[in-house]
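In this document, chain identifiers A, B, C, D, E and F correspond to the written order of the chains, with residue numbering beginning at 1 in each.
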Amino acid sequence: MKAIGYEEASEAVRAVFDDIKATRKLDDVNNFWKYLAHDPRMLAHVWSSVKDIMGAGSLDALTKELIYVAISITNNCDYCMASHSFAARAKGASEAQLNELYAVVGLANMTNRLANAYRVPVDEAFKTG
Amino acid sequence: MKAIGYEEASEAVRAVFDDIKATRKLDDVNNFWKYLAHDPRMLAHVWSSVKDIMGAGSLDALTKELIYVAISITNNCDYCMASHSFAARAKGASEAQLNELYAVVGLANMTNRLANAYRVPVDEAFKTG
Amino acid sequence: MKAIGYEEASEAVRAVFDDIKATRKLDDVNNFWKYLAHDPRMLAHVWSSVKDIMGAGSLDALTKELIYVAISITNNCDYCMASHSFAARAKGASEAQLNELYAVVGLANMTNRLANAYRVPVDEAFKTG
Amino acid sequence: MKAIGYEEASEAVRAVFDDIKATRKLDDVNNFWKYLAHDPRMLAHVWSSVKDIMGAGSLDALTKELIYVAISITNNCDYCMASHSFAARAKGASEAQLNELYAVVGLANMTNRLANAYRVPVDEAFKTG
Amino acid sequence: MKAIGYEEASEAVRAVFDDIKATRKLDDVNNFWKYLAHDPRMLAHVWSSVKDIMGAGSLDALTKELIYVAISITNNCDYCMASHSFAARAKGASEAQLNELYAVVGLANMTNRLANAYRVPVDEAFKTG
Amino acid sequence: MKAIGYEEASEAVRAVFDDIKATRKLDDVNNFWKYLAHDPRMLAHVWSSVKDIMGAGSLDALTKELIYVAISITNNCDYCMASHSFAARAKGASEAQLNELYAVVGLANMTNRLANAYRVPVDEAFKTG
């Protein structure tokens, strides 16, 4: 499949593109949205969810973006690592912070498997949450 | 395998247990460390890395703990979700923050697969990082 | 490693290649089989299983191909996404169907993680299966 | 965290619960929604997406449910396997179809790794899609 | 679904069960095969592949079993970790070897993510294989 | 980010690079370490763990390298597959052994999902470990 640009997009798709550009103060949407435009319903759902959740709320926007990067690394999604580490930098992440993020991602993926390997039972103290 | 308690632990293992308890101001270490004690070298490496990286640095300790939870959810590690969401609460995470974290984890796992599905090419703008 | 073409293949490998070509009415086998030919036993096992399971049975062949694509997206396997979405189109999948498939894959990966995050207990009604 | 039942739910959550019950002709919503209710915004987004995508469209509802099961197996999500195989049966899946689905999931996860292992290059013929 | 025991199994299933018992010198097959018996074709394919590949060959049987355990830990498959670590012990794995295996699994999952995070380009020297 | 070469590296990074080169008898370190050098603490931790665990111990060095390859295939990490299959060959792995390894990785990923799909209960006999 190919990217769907603004010129060839349907009315419904353009409405989402316009909202993305206005919300993010960009001249154009990035490739992710141009491909997702092949399914206008899903485009609308994904954008609506992302717009609602990824702004500042109980967690600040940078923290959320760093979490996004961590998951994208764990899942080995190239596009997602590139786009969300770009976004993290745009929201103020320093190189030192990204490096520290990568260290945490490495440690978590290590200890996740060690916990699996030993089939560690959950401590009583952790069961209250 | 079984947990290795302080009483039955070797000198090398006790030294790590003592450092964990002193650093975290706890009376006992949790199950993860008691199982990892079956391999004293790895116990020492993992604790040394976690101690060094998970404290406050370029990123604050709570942000790192939230990233840990996000990865544990993505990898479906029961013990890790329980222990790190407990730690996140202990470091001040509110229920609202945890719920928002879960929302981000859901969205990231969705958009990771949509980016895969459409094999979206990386935008030029994202290649600078 | 390199692809093993028909000319350089052993008798055992040629026999499998011939069966693939006859079954699928193709002039040549695709790259997957030419690499798997490095292990003639596994080549035979994999082809035998795929031939037996992927044809029409209780589920029609297109449905099975779509399931294959969904898993390949979830696992982020480039070759598998390319070859099985090609096969799905060859078996009649429309662009609308593929887009809808991608939407389902996105949703399932999202709700899988939300179920993990909240450690949702299985409803009694679901335990009969 | 605990399930949020109808009695203790907020107005916004009840509205979603009511729509789920009316759409699915059920007396109560299942546990997934009662936990997701901890984040009313995400509850609304997830339900809205699922309602819109999982009904009959370009793909029939049963096919989509089978794809959901396949991904849940691949991700090893207990709750998701239980709830979506239940839903698949409710939509008419026979035991023979579920067994065949499991076979396809097994094969796909095997061949995904074999394609990775040999780093098989994508055939020219597959690049048109 | 339920386990299918020898008494209630079809002729085709019994033939596979008999071969498993004779090959492994056991009085009964373990649960995995009793469930897989719901799909006699797949039962036959899986057993045939496992029997052919998992015995001693270019790699000894214990090494293969350890690899199986490592993958089962990485995928977080409870049944698979239990059955294949049991098999590894039966084939002579010591506790020290299993602990060392777990350490390697932890390290590999850590460095896999660090390589992803930094998007490390493949060294020229590694491209010959 | 870019690779950090010896010339531009800090003292702390050079010390680790020197130890890698001396231990492995190489003229230069490979790219993985040059990128990880962006976080000197993590560079030191990872190298220290890898040096300590990946040499001969209860398991021989080749077996550990093969386990590393198996996990890298399962996680679909390109760099890791390339570097660790190179290392496995350097430690004496034959092509026949690598092909057999790939077969085991394929089988394990298949049976992991079949065990998930049928939610096979752990046999009593396997619970002793």
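Assume a residue touches a chain if its C-beta (ideal position, glycine included) is under 8 Å from a C-beta of that chain, and two chains touch if they have at least 3 such contacts.
It should be emphasised that the depicted structure is a prediction, and the values quoted were computed from it without experimental measurement.
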Hey, what chains does chain C share as contacts with chain E?
A, B, D, F
Starting at chain B, find the fewest moves between touching chains needed to arrive at chain E.
1
Selected pair, out of C-E, A-D or B-E, that shares over half of its residue contact pairs with D-E:
B-E
Averaged over CA atoms, how far is the centre of chain E from the centre of chain F? Could you give it in whole Å?
20
Could you state the distance in Å from the CA-based centre of chain A to that of chain C?
28
Would you give the residues of chain E that are in contact with at least 2 other chains, written as numbers and ranges?
1, 38, 41-42, 46, 49, 53, 74-78, 99-103, 105-107, 109-112, 114, 116, 118, 129
How would one label the connectivity among the chains shown: line, ring, star, complete, or other?
complete
Would you pull the chain E residues touching chain D in the complex into a rising list?
1, 38-39, 41-42, 46, 75-77
In the complex, go through chain F and note every residue touching chain E.
1, 30-32, 35-36, 38, 42, 46, 49-50, 53-54, 57-59, 63-64, 66-68, 70-72, 74-75, 77-80, 82-83, 85-86, 89, 94, 96-97, 99-101, 103-105, 107-112, 114-116, 118, 120-123, 125-129
Seen from chain C, its contact residues with chain E in the complex are 1, 41-42, 45, 48-49, 52-53, 129
Sites on chain F touched by chain C in the complex:
76, 95, 99-100, 102-103, 106
Name, in rising order, each residue of chain E that touches chain A in their complex.
73-74, 76, 78, 81, 101-102, 105-107, 109-114, 116-119
